[in-house]
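In what follows, subunit A forms one complex with subunit B and a second complex with subunit C.
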Partner chain A sequence: MSLTLPSLVSILVFPAGMFLILLGMVYEYVDRKLVARYQNRFGPRWFQPLADMFKLLAKEEIIPDGVNKALFIFLPILGVTAALTSALYTPMLGFAPAFSFRGDLILVVYMLSVLTICLGLAGANTVDRFSLVGATRTLTQLFSYEAPFMLTLLGPALAAGTLQISQINAYAQDTWWMILTQPIGFLVALIGLMGKLELPPFDAPEAETEIVSGALTEYSGRGLALFRIGKNVELVIGLTLISAFYLGGLANPLEFILKTLGLLLVIALLQSLFARLRIDQTVGLWWRIGAILALVQILILVVGRLFF
Partner chain B sequence: MQEKVEKFIVPIGPQHPALKEPGHFEFSVDGEEVTGATIRLGFVHRGIEKMTESRTWIQNLYMLERVCGICSHVHGIAYTLGVEKLAGVTVPPRAQAIRTIVLELERIQSHMLWLGVAAHEGGFDTLFMYSWRDRETVMDLFELISGNRVQHSVNLVGGVKYDITPEQKQKVLDGLNYLEGRIQYYEKIITTDDTFLGRTRNVGKMTKEEATLLGAVGPTARASGVERDVRVESPYASYPGHPVNIVLDEGGDLTSRFIVRIREMFESIRVIREILTNLPESELTVRVPRRIPAGEVISRVEAPRGELFYYIKSAGGENPYRIKIRTPSLCNWGTISSVAVGHKLADMPMLLVGIDPCFSCNDRLVTVRKETSSQTMYWEDLRKYGVEYYQ
Partner chain C sequence: MENTKINAWEKTLNGLKTWARINSPWVIHYNSGSCNGCDIEILATLTPRYDLERFGVKLQGSPRHADILLCTGPVTRQSRDRLLRIYEQMPEPKFVVALGSCGLSGGVFHGSYNIAGGVDEVLPVSAYIPGCPPRPEAIIQGVVALLNSLKEPKG
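Now for the complex of A and B:
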């Protein structure tokens, strides 16, 4: 399904901009509610993420001593911008991406990492000890999940023979669901997304019982709100990418909602099943198991394409 | 200029999400590895010991039950046992039995609470929510027996206030049946869940010798294989008639501490069932004089966290002359600073919680700290300091 919109609308309203920010809040709500239900709690009310956001935006933004002020203000904006930009190249709601060119997958993966890097830099920018430990952990985690996660997105791209997201999406609709042909890739991608979003059990970078709030300890008000918006947006884009690649593509809004929410159901379950991994355990898991599994998957694909 | 080695110190507390009560811990870290740990307590000193001296024997019972919010009954027991010994009265057997039932229910309640908190520190919030949900069963039983959920206030000097009727007995047994099933499930989780074992196995390992040397008490000591349980060593209340099997584990790490506490809950359930089915018939109270004869007594009981020690001295008046309380958490602090070194920073919250600390119960003395560095005081110094301070 394709939708042609003026550039300004596609940047400010749909698929990036306001729409994505609101959708991110909806997904945050669903995630929180699901985790709460899995844990036998009631969970938040439907407007809680929105209320949180308004509250944070209305609050005073405190800039602590000893930071580079320009960076402190600029980093959250850059992070959110990168996350929102990547949405322009994904098949949001099942419509064709607003912009598309050969190799846009690489751009999207890069844009999604920018947010995490901003988070790490924001932590390293302050002199707070919890932030510094959090920043170290954030960046360590980035280096551990990033490679396997990219490899798993490369799998469907190899199968489709293109690095253009819209074409991979179209290819996925025509053939078997790639969760069946590349189950390992799907699994690693899903867990990689959880690592990317620092969801439990990969929440060592913001483990509240150890380092308060990690890299974001010193952030309050607008900066914190922007980082949270960025995280939510990243959640939506990650879910979109994985369901477009592995769950038979996204052809219309209904498919989009069903498939992404289905994925979110699984992610919420995984979040509530495990104890938090230590950062050394996270790195070990990704490099000893995740990366090798992803490589095996790619190898199988390459060999398969050579001989069949 | 001499090169100064800079330490990167991560402070935990007095206000920190990991702590439910104020305490201050400084962990010097090298990357993620902890190279040193210091503990500073005393943020919630309430002066209860001093307050007891200006209250009557009866009033003191209600205040001492408020030393701890989690194990209020056991403080009441330690106090009443001591005072009754001084007064030379014997509490009727039914009152003893009801006291013991509440004691063991309280142990289950406390261990369930601890299980949740410890799981939360390890980032396992699902177990936290589940165990606290099931803990409600015990809280409801407390409400059924005494009308109160937290400060049960079952004790009187010379007996108990509440009887257990046959209907209540049945409800308590039903509640225990439900809990037993749930606790079995938790035992399975803590011994088989890989991520959980990854966070607890070989963390905070303490040998039997170390535990003895550091004076660990309660489940912390028993998890290292030290046979130390007041209920077994010098039974009180109904324990002589219904002996408790000591729960030991040889591991000495966090996993063992989980296992010991979980198995103690099974033991508690067994003891409660045994006492409930053989509940003796008698009066609930015995008359105790308003003035307690002069003398001094030591009263030791096994709180959920370990040995609780009361020293009570009477000068023959309506008020006690001196009451000294030593709670189990105080004995266990030493184990943390010595085993913390070499572990990861991420293990610290679980290690702290591993001894089930109760801060406000043990805050007694203000630590002396110079501006430049912390200071170790030996017994002679401490005694001298105390004498000089109070002159």
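Now for the complex of A and C:
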């Protein structure tokens, strides 16, 4: 399904901009509610992310001593901008991407990493020791999950023979669901997304029981709100990418909602099942198991393409 | 005409701010010299059985993220400066809730040489929750009462 919109509308309203911020809040609510139900409690009310966001935006923003003020203010904006920009190249709601060119998958993967890098820099910018530890862990985690995650996104791209997201999406709709043909890739991609979003088994970078709240310790009010928006947007885009690649493509809004929410159900289950890993365990898991598995998947694909 | 428009806009904006504040209280917990009884009750309040996330309450690690400072125990002279520092690190608007008999008045430690007094000797306290220790229900009621008091502007 395709939808042609003026560029300004597609940048400010749909698929990036207001729509995506609201959709991110909806997904945050669903995620929190699912985790709550898995833990046998009621969980938040439906407007909770909205109330959190308004409250944070209305709160005082403290700029601590010893930071570079310009960076402190600019980094959250850059992170959110990068996350929102990557939405322009993904098949949001099952419509064709607003912009598309050969190799836009690589651009999207880089854009999604910018938020994490901003988070790490924001932590390293302050003199607070907890922020510094959090920043170190954020960047360490970035280096560990990024390679396997990229390799798993490369799997469907190899199968489709293109690096253009809209074409991979179209290819995925025509063939078998790639979760069946590349199950290892799907698993690593799903866990890679959780590492990217710093969700519970991989939340060592913001472990509130040991390092206060990681890189975001010194952020209050607006900056914190922007980083939260960025995280939510990244959640939506990650779910969109994985379901477009591995779950038989996204052809219409109904499919989009069903597939991404189904994926979120699994992610919420994994979040409530596992306890936090230490940062060295996270790195070990990714490089010793994740990267090898992703490479094996790629190898099977390449060999399969050579002989069949 | 222009003026009333601006006023209406400001009114809705203020209403929105108050609504958001009431519905999203993030809490930080500090023990200023308590026997740990109240702290255990706070943790019990945050467990799935009482599920404070229903009201939007989240326990935050960083004072920079918190709206409400839950303070337990009498303020010892040792922890007085730290308590003040944590309070000053919180961004406006912020509220303090004193928990337990000791937090209210010093309790059994009242008049002791190493005690600065109850929490309200050091910080402006918005809500008092009595009990030794207060039950989780009492803590929830105290926090909800504080949030309800935000609805009407003080005049």
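Rule of thumb we're sticking to: the second predicted complex is superposed on the first by the 308 of 308 C-alpha atoms of A that agree within 3 Å, B and C clash if a C-alpha of one lies under 4 Å from a C-alpha of the other, contacts with A are read in each partner's own complex, and residues count from 1 in each chain.
Keep this in mind: a residue touches a chain if its C-beta (ideal position, glycine included) is under 8 Å from a C-beta of that chain, and two chains touch if they have at least 3 such contacts.
Note that the coordinates shown come from a computational prediction; the quantities given were computed from them, not determined experimentally.
With both structures placed on the common chain, the touch criterion links A:Val133 to subunit B but leaves subunit C unconnected.
When both complexes are overlaid on chain A, the residue A:Asp203 reaches subunit B alone and has no touch with subunit C. After overlaying the two complexes on the shared chain, residue contacts for A:Gln39 are found with subunit B and with subunit C alike.
Of the two partner chains placed by superposition, only subunit C is touched by A:Phe47; subunit B is not.
Contacts of A:Val212 after superposition: both subunit B and subunit C are touched. In the overlay built on the shared chain, the residue A:Asn68 is in contact with neither subunit B nor subunit C. Once the two complexes are laid over each other on the shared chain, residue contacts for A:Phe274 go to subunit B alone; subunit C is not touched. With the contact threshold set out at the top, residues 39-41, 130, 208-209, 212 of subunit A are in contact with subunit B in one structure and with subunit C in the other. On the side of subunit B, the complex with subunit A involves touching residues 8-11, 16-18, 29, 31-32, 119-127, 129-130, 133, 193, 195-196, 198-199, 344-349. Contact residues of subunit A toward subunit B in the complex are 38-41, 129-130, 133, 136, 200-201, 203-204, 207-212, 272-281. By the touch rule above, subunit A contacts subunit C in their complex via residues 32, 36, 39-45, 47-48, 50-55, 58-62, 130, 208-209, 212-213, 216-221, 224. The residues of subunit C lying in touch with subunit A in their complex are 16-17, 19-21, 23-24, 48-49, 51, 53-54, 56, 59-62, 64-65, 67, 89, 91-93.
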